[in-house]
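Below is a structure I'd like to ask you about.
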Amino acid sequence: MLTIAETAAAAVAPVHDGACVMIGGFGVAGQPVELIDALIDNGATDLTVVSNNAGNGDVGLATLIQLGRVRKIICSFPRQSDSWHFDEKYRAGQIELEVVPQGNLAERIRAAGAGIGAFFTPTGYGTPLAEGKEVRKLDGRHQVLEYSIHADFSLTKALRADRVGNLVYRKTARNFGPVMAAAATHSIVQVDEVVERGALDPEAVVTPGIYVDTVVRVDHPRQQDSREEGAA
Amino acid sequence: MLTIAETAAAAVAPVHDGACVMIGGFGVAGQPVELIDALIDNGATDLTVVSNNAGNGDVGLATLIQLGRVRKIICSFPRQSDSWHFDEKYRAGQIELEVVPQGNLAERIRAAGAGIGAFFTPTGYGTPLAEGKEVRKLDGRHQVLEYSIHADFSLTKALRADRVGNLVYRKTARNFGPVMAAAATHSIVQVDEVVERGALDPEAVVTPGIYVDTVVRVDHPRQQDSREEGAA
Amino acid sequence: MSVPQSSDHPLSPEELAEVVARDIPAGAYVNLGIGQPTLVSNYLGPEDDVTLHTENGMLGMGGEAHGDEVDPDLINAGKIPVVETEGCSYFHHADSFAMMRGGHLDCCVLGAFQVDRHGNLANWHTGKPDAIPAVGGAMDLATGAKQTFVMMTLKSKNGQSKLVERCTMPLTGVGCVSRVYTDLGVFVVEGGRIVVRETFGVGYDELVEQLDVTLTPGR
Amino acid sequence: MSVPQSSDHPLSPEELAEVVARDIPAGAYVNLGIGQPTLVSNYLGPEDDVTLHTENGMLGMGGEAHGDEVDPDLINAGKIPVVETEGCSYFHHADSFAMMRGGHLDCCVLGAFQVDRHGNLANWHTGKPDAIPAVGGAMDLATGAKQTFVMMTLKSKNGQSKLVERCTMPLTGVGCVSRVYTDLGVFVVEGGRIVVRETFGVGYDELVEQLDVTLTPGR
């Protein structure tokens, strides 16, 4: 049943030490900045983070890593020009890294929400990222076995929620939001606006409310410019 | 590149003997009645049909089966009170049947469109429908390996297409449409209306045009009441 | 450890549906199977805030449509025309089953031919050699929901118990059933035992005598 | 079997982008990788009816946004603000990669560190022991599209050929590259051979001498 939290702090209060936390966003688009800030304040440590990147500059996820609160990160593109906090921890052996092709990452997250334990897919075959993994030839192609990625919590951002938790997103800020909300036991979503039940077109709902546990309205969400370059 | 066909007959003209054809619809909702009728007239035989049901009464898919044009059917619910043509062919050993749990059917079709060769899922474990299949314990549950289902053609129905093939559906008539369009090499869609490029809200497009090969407008589509009962 | 007899008569399907409805927690997401389980929706009020899922692609399904409300594009899994509720949403078949299979539904209510003390369910196939198999969404439902409730008459038409030591008919799902609601009583399936929670129109001892399956008295 | 020299000078990135653009069939769905491949979009006109995909969830992506058009919620895979085109659509990351991985894109154009005569591609990792690995969508793109074109300078900064007998850097994809567009020529990779289609600013024989990889003259 949906909880509409009063503050971002209240929304992330259940996140506990040792939790696996998915964090939405691709670049600045869809990044739940206020929820990440609240997670920094929350104090939970020994976290496993699933996110496309490993943080930029001195803000958000980068800060969480700098503070030593992230034990492991599962992502597709950790290394960027301003990922210095991650780089430092990684080179010091203080953070575990699992690099996953972006499509495998998205699909493994989707699988967790959809009751798929593992799947065979061609991406990564013959590359270092498939080393040691099971391979099978299907439909005439070599395919690699990839496992679902569940999380205890997901922090994502949407444009609008109604009172039963249905969500719509905005443009490319949709990115990982829908699959992460479905893959987490407890999904936490920041939205620009909460509207009445029935105010969203049922044909255009992207994330049905069943996937949403906590919604918090953030009035003037910030967009944290990450100044990334050459990053996918 | 999208073809907008003048008639249902022209739309299904490429369907050839021996083809695997997916047919959308769940009950009357989303059933591409005019495309199926055109397929009957088209004459293609030795077909493999992938559909939720195996036809009802003396119309549509039931007729196709009655005419002996279907070699094999892959579906979740073949047997209904008025599936007499299928029943007769099946008991006479004149049609091959693969019964698939409805969720596995939908997911196997989705997998074909998504570049997934096979996946593990709990549905069906320990039942006759998983006999002889590979089983693995994942996430603490026994899961069965299921393979993707590709098709040469799909016949589905949508509410509206724009000039680049983007589709929106109507209510529960959406059902198998989006996954079948993506799983077929050549997808053929009947729509009530074709609108201009830009007339559909990009946030609400359900099937992006990349999945659509042929669209045909059917002015006053019929809804073939199938009088089914107790059927899922 | 005495089992309450909650009614002086066996429950009608409607009465039983009300019992099931009372056991569904407020705010739950629920799928009601075709047939008898559909009746449960008649006893769920707005105050229960229960959201119904139909596997053909809708969350927030309303009641049966009548008259002008009937829309052939808006049907439930039993292919009966239904109506929308405020806050409903539509999605395609794979997304709909992903919702079910991913364990997001709190509960589904299904009919059954047999349930055994291991929670195994048989409800899709009589096992007769000439029967044409047809499974629909039964296996996905049985396996996917967080809890699977069965709603059925306790005995078959020829008087045999449908609660059994071990299912003889082809299974729908393994160890999936947690509760069984019948005209003669409510049963909790746990740890390989069938615990009788309450009886209707029959005493516990009498029920034990009538059935050829081991029962355990519950609280 | 003489290889045409199509230009008297090595092509600039812009000139090369135009050559690539001419080879993309009308009506195609295309993903342009980050960096040099992005330039290709400047040479695709409305008459080409090419639809651009960006893996962060959009089909029908337009050009770079300027001034008031800039919207932080509308970016491409390189995180550059872009604009919409008429008929565009949005979808989530898994659906977007499903589109790519399911073989629905006609073509993707990628940069590369190395390509070998088996069509193997290395473009994500230099293989240096201290490099932090970061792959992004490169492997999905290389493997998913119906055709993978590579666009790169033929030689690395220290003058070594990036077309090689066998990739020495960690692979991105196996046997996935079908064509290689470089400042010095266009190469077709087929059947374990590198066929030279045309050269720019250098003759075929001279090119053969410069490169430490077996070339085959094309039509």
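The letters A, B, C and D name the chains in turn, as written, and every chain counts its residues from 1.
Following the convention adopted for this analysis, a contact is a pair of C-beta atoms (placed from the backbone, for glycine too) under 8 Å apart; a residue touches a chain by one contact, two chains touch by 3 or more.
Treat the numbers as computed from the prediction; the structure is a model and nothing was measured.
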Between B-C and A-C, which chain pair shares more contacting C-beta pairs?
B-C
Intercentroid distance (Cα basis), chain C paired with chain B, Å
29
Go ahead and note the Å separation of the Cα centroids belonging to chain C and chain D.
55
Roughly how far is chain A from chain C, going centre to centre by Cα mean, in whole Å?
36
Note: chain B sits from chain A at a C-alpha centroid distance in Å of 33
Indicate the residues of chain C shared as contacts by at least two other chains.
90-91, 98, 100-101, 144
If I count partner chains per residue in chain B, which residues reach a count of at least 2?
107, 114-116, 121-123, 169-171, 203, 206
Building nodes from the protein chains and edges from chain pairs that touch, which of line, ring, star, complete or other describes the result?
other
Every pair of chains that touch: which are they?
A-B, A-C, A-D, B-C, B-D
What does chain A use to touch chain D in their complex?
26-30, 76-80, 87, 90-91, 97, 99-104, 106-107, 109-110, 121-129, 142, 169-179, 206, 223, 225-226, 228-232
Chain D touches which residues of chain B in the complex?
1, 112-116, 162-164, 166, 182, 197-198, 200, 202-203, 205, 208-211
Name, in rising order, each residue of chain D that touches chain A in their complex.
33-35, 54-58, 71-75, 77-79, 90-94, 96-98, 100-101, 120, 125, 130-140, 143-144, 170-174
Which chain B residues qualify as touching chain A in the complex?
107, 111, 114-123, 136, 138-139, 141, 143, 147-148, 150, 168-171, 201, 203-204, 206
For the complex, give me every residue of chain D touching chain B.
26-29, 49, 51, 53, 59-60, 84, 86-91, 98-105, 144
